[in-house]
Amino acid sequence: MKSSIESHFSTLRQQAESAEFGMWIFLATEVLFFGAVFCSYAVYRASYPHAWKAGAGLNDAMLATVMTAVLLTSSLTMAMGVQAAKRGNSSPLRRNVLLTMLLGVLFLVLKFYEYYEHAHHQLVPGWDFSGYQGASAQNVELFMSFYFAMTGLHALHMIVGLGLLATIWVMAGRGRFDEAYHAPVENIGLYWHFVDIVWIFLFPLLYLV
Amino acid sequence: MNPGSHFAPPEASTIAPWVDGLLAYLTIASFLTTLLVAALVVVFLIRYRQRPNRHARQIRGSLPLEIGWTIAPLIVMLTFFFAGASVYSRYQRPPQGAMDVYVVAKQWMWTLQHPQGPREKDALHVPMGTPVRLIMTSEDVVHSFFAPAFRIKQDVLPNRTTQTWFEATEPGRYRLYCAEYCGTSHSNMKGWITVMEPQEFQAWLEDAGQGPSMAAAGEKLFQQLGCAQCHAGTCPPLGGLFGSSVPLEDGSLVTADIDYLRNSILNPQAQIVAGYPPQMPTFKGQVTESELQQLIAYIRSLSEQGAAGSSQAPPSGVRSDIEEGVR
Amino acid sequence: MTPTLVEPRSAIRESYLAGETGIWSWLKTIDHKRIAILYMVSITFFFLVGGFAALLIRFELMTPQGDLVDANTYNRLFTTHGAIMVWFFLIPSIPTVLGNFLIPIMIGAKDLAFPRLNLLSWYLFVTGGLVALVALLLGGVDTGWTFYTPYSSTYSNSAVPWLVTGIFIAGFSSILTGLNFITTIHTMRAPGMGWFRLPLFVWSHYATSIILVLATPVLAITLALVALEKLVGLGIFDPALGGDPLLFQHLFWFYSHPAVYIMILPGMGVISELIATFSRKTIFGYTFVAFASLAIALFGFLVWGHHMFVSGQSAYASMVFSMLSFFVAVPSAVKVFNWTATLYKGSISFETPMLYAIGFIGLFTVGGLTGLWLATLGADVHLHDTYFVVAHFHYIMVGGMVTAYLGAIHYWWPKISGRMYPERLGQASAILIFAGFNLTFFPQFLLGYLGMPRRYWQYDAHFQMYNVMSTAGASILGLGYVLPLVYLLWSFKRGEAAPANPWGATGLEWQIESPPPTHNFTTTPTVTTRPYDYPDARQEES
């Protein structure tokens, strides 16, 4: 076994348990972080149902469906990566992590394409919202504020996730993981799945309502 | 001005004695609790101070005591809750026949308008012995209408109407403050509320009331903005609207209170009346908050016609408005 | 008494202060004790910044006219005072300094579960602090520490995004600290250190950490949205787009009310330790005190609306929030009664930390009871947003938390520094602080009842008498705070060397050397007794 146990822990198991426990607590933090925006969204949705419907109509549900598929697939490859790490196979681990990253990048590309489209159609709140001339324009702008805040926050989490995955990829390349020590892979896997789940909520709220 | 004493502000409204009574109860209860804790602590500190050859007696706890000092404070606090809630509910229920005053707050000035027309800046004249209901909104940030002598305080919000009321009991001049921090001149956003004998107030009103009443000003605006053309024909009629229940397109019912009227003018597409096309344009940016209040006063007056015609009379629908509208 | 721990004393081990020295060894350290010292230095700096603003505020308020500074400066001063004191002193104070130093030792661990994360927390804290200071250098912020929209998001022409960003970054420091503590308490306890053998200090930090982890993210995202609204016009709170003027207040207080418990719970933990040690007694009703901390943390999430009784929220919501606020007060009362009962049949001595603990009980009782006034609906209408509120929360935060912090610093100073502080001076300054504090803040209760609104730069002349008293008290209080700063610094170099256990206290931290060695324990201790296992009079006699 490699010396991957830090001096303040008694056992490797204690170290892995701490890491996983810490990750779950971090995810609890994240739930509250997104939760505040989701609650605000719900409050306004109740006040302005028509504007929310009109706002969702400005977003491309087809594109979002594709993005959802991309992201779900990336969760699958991530899970396969974690399985490989548990078995101590570093080359399928690296392959799956790389695939996950590629899918993540593809998602972001589609996301930024969507932003570009919104900018093109003058649907960016606070900058140029003249593209929408229908009823309740202000409230629709409010909806689009939520759209940008929520998807932007999500995209930021994706970018952080990509950075973490890159680290895992490099560490795996250096042979840092084995059957006994792979807690970082598992924890970053948890994070990646969490970010996916957030999108699963965003998709209906912003595209399908 | 009546500055009160160094220990109490003037007590100049019907609700003030209730608030002071509540505070007196809280003071006595808190004083006794503090005295109890302090006495026990001091006695124990002296009696059980460290002395040679004497050890502490280890006592792990006592379930009856723990239950006792969980339940006892809870009971005392529940009396606080019920006493407080009963006083609070007085704030929520303006009496029948209250005189309305429309308030617009903006950085850093209070504008107060009487339905009869007179408009005051940083000042308000009211008669003694008549309940006054304040219907308030803000043009910019959050402010708060605070009159210590009357023990009233209510935040004044942008994009929303809030209300409170008081009935003055002592003639005099009393302070009006902005209590919610609102920017640079927050501490100068204050004025005077002058309480007058009823006859004196009538004289003041006649003296000051040269212009049209709020409803008349609202009616004029109603014509100027072109509302009259539609609302006489293809749009929902406004007579008797205020205070009634309005069926909406989505099947729900909404009470036509002040906030409803306000929203319907600024954001007409949000709540479409059942059976009418969504064709009304927004008037956001075209009317000031004061003008909005005049329009609302006018629409309210359409529901009051036949009810003595005096703006002092309780408008029909005020009750439901208060139940639904005061938040 | 059975010894809690058998630590070989034969070999003198190197203290955490010795060994590597030099600035880099400190900036790269992952030793929880050194990180605690880093925090101590940083929060002392921010305390001085916030305290200086407070003094200027008090001097301005000596006269009714605004004559010392102009309105804009005054508004920036109280914002600076509030924001710096809350986020850069009170919230980090006991957890990051004493929690960091003591939790691993108290549970028999060599360090926190994530030492590098701990250092990252400190760097985030300092970065956040520096960004907040940039806001001050750019002319300050004039929104008040509460950042109410739409003033902060639309109308204020001050460096709001900077200050908000600083708090956002410091918020992540809080979250990581809380995460680290919770994990550590779960996974790093020494053999035999069951949950009900934990010192109450650890219990209260556990409860605090839950709040840190669950409430702080809500503040972070809320402030981020305010900053985005200010910077790029994203309009979540904008009334012009139909934004709800109360939404921000709900989100803000969802964090900031629990944050009050972040500020007081660690103080309560300290008081439990001090009362036990200086009465040589086990804590009366240990389990109740421990669970009271958890109850406060959980109920604390359900009462935020009591800050909004006159805001325009629905009257029914106000009633529910008022009722729940009384429920959250019960566990606090239970704690006070248990501390009082602990004194009974004790063997009490009056060293400086004990004086602070006694002061805490008194001031916290007054602060807590006046909090009940504000939770009482009919009373809050008049008292809300007046100096009564200012007095109330200073009784909790300064009278409570700062008093507990100073008591804790004195109590564990021999352990942290390896030196004794001058006892007489310590006692004198504790009394000075108590007197100065009451003179500063008690008159403000009366000012509030008389109707003086908060955040007023100028005020009506009849409020002057109490304001002068308050300013006089603040001067005494200021002096009271400078004294410990001076003699503690002095004692760090010149003080008498401290023994391992100067107070004859129980607890693992007193079983190892003063100052502790780098890895705390050479061998992981095995715990065999309850906490606060002091000798009993009956056993001695028999």
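For clarity, chains are labelled A, B and C in written order, and residue numbers in each chain start from 1.
What we mean here is this: a contact is a pair of C-beta atoms (placed from the backbone, for glycine too) under 8 Å apart; a residue touches a chain by one contact, two chains touch by 3 or more.
Because the structure is a prediction, the values reported are computed rather than measured.
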Chain of greatest Cα-centre distance to chain A: B
Most central chain by CA mean? C
Distance between chain B and chain C based on Cα centroids, please, to the nearest Å. 36
As a quick test, compute the distance in whole Å between the mean CA positions of chain A and chain B. 45
Chain B residues counted as touching two or more neighbouring chains: 267, 270, 284
Among all residues of chain C, which ones touch two or more of the remaining chains? 240, 242-244
Multi-chain contacts in chain A, i.e. residues touching at least two other chains, fall at 47-48, 51, 136, 138-139
In their shared complex, at which residues does chain C touch chain B? 66, 71-72, 75, 142-144, 146, 148, 150-151, 154-156, 239-240, 242-246, 279-282, 284-288, 309-315, 318-319, 322-323, 326-327, 329-330, 333-334, 336-338, 340-341, 343-350, 358, 361-362, 365-366, 369-370, 372-373, 375-382, 384-386, 446, 449-451, 453-460, 462, 465, 534-538, 540
Complex contact set, residues of chain B against chain C: 3-4, 6-9, 18-19, 22-23, 26, 30, 33-34, 37-38, 40-41, 44-45, 48-51, 54-62, 65-66, 69-70, 73-74, 77-78, 80-81, 83-92, 107, 140-142, 144, 146, 148-149, 151-155, 157-160, 162, 175, 177-188, 267, 270, 284, 326-327
Where on chain A is chain C touching in the complex? 6-8, 10, 14, 17-18, 21-22, 25-26, 28-30, 32-37, 39-40, 43-44, 47-48, 51, 125-127, 136, 138-139, 141-142, 145-146, 148-149, 153
Listed in rising order, the residues of chain C that touch chain A in the complex are 109-115, 117, 175, 178-180, 182-184, 186-188, 213-218, 220-222, 225, 228-229, 232-236, 238, 240-244, 247, 251, 254, 519, 524
Chain B to chain A touching residues, read off their complex: 250, 267, 269-270, 272, 278, 284
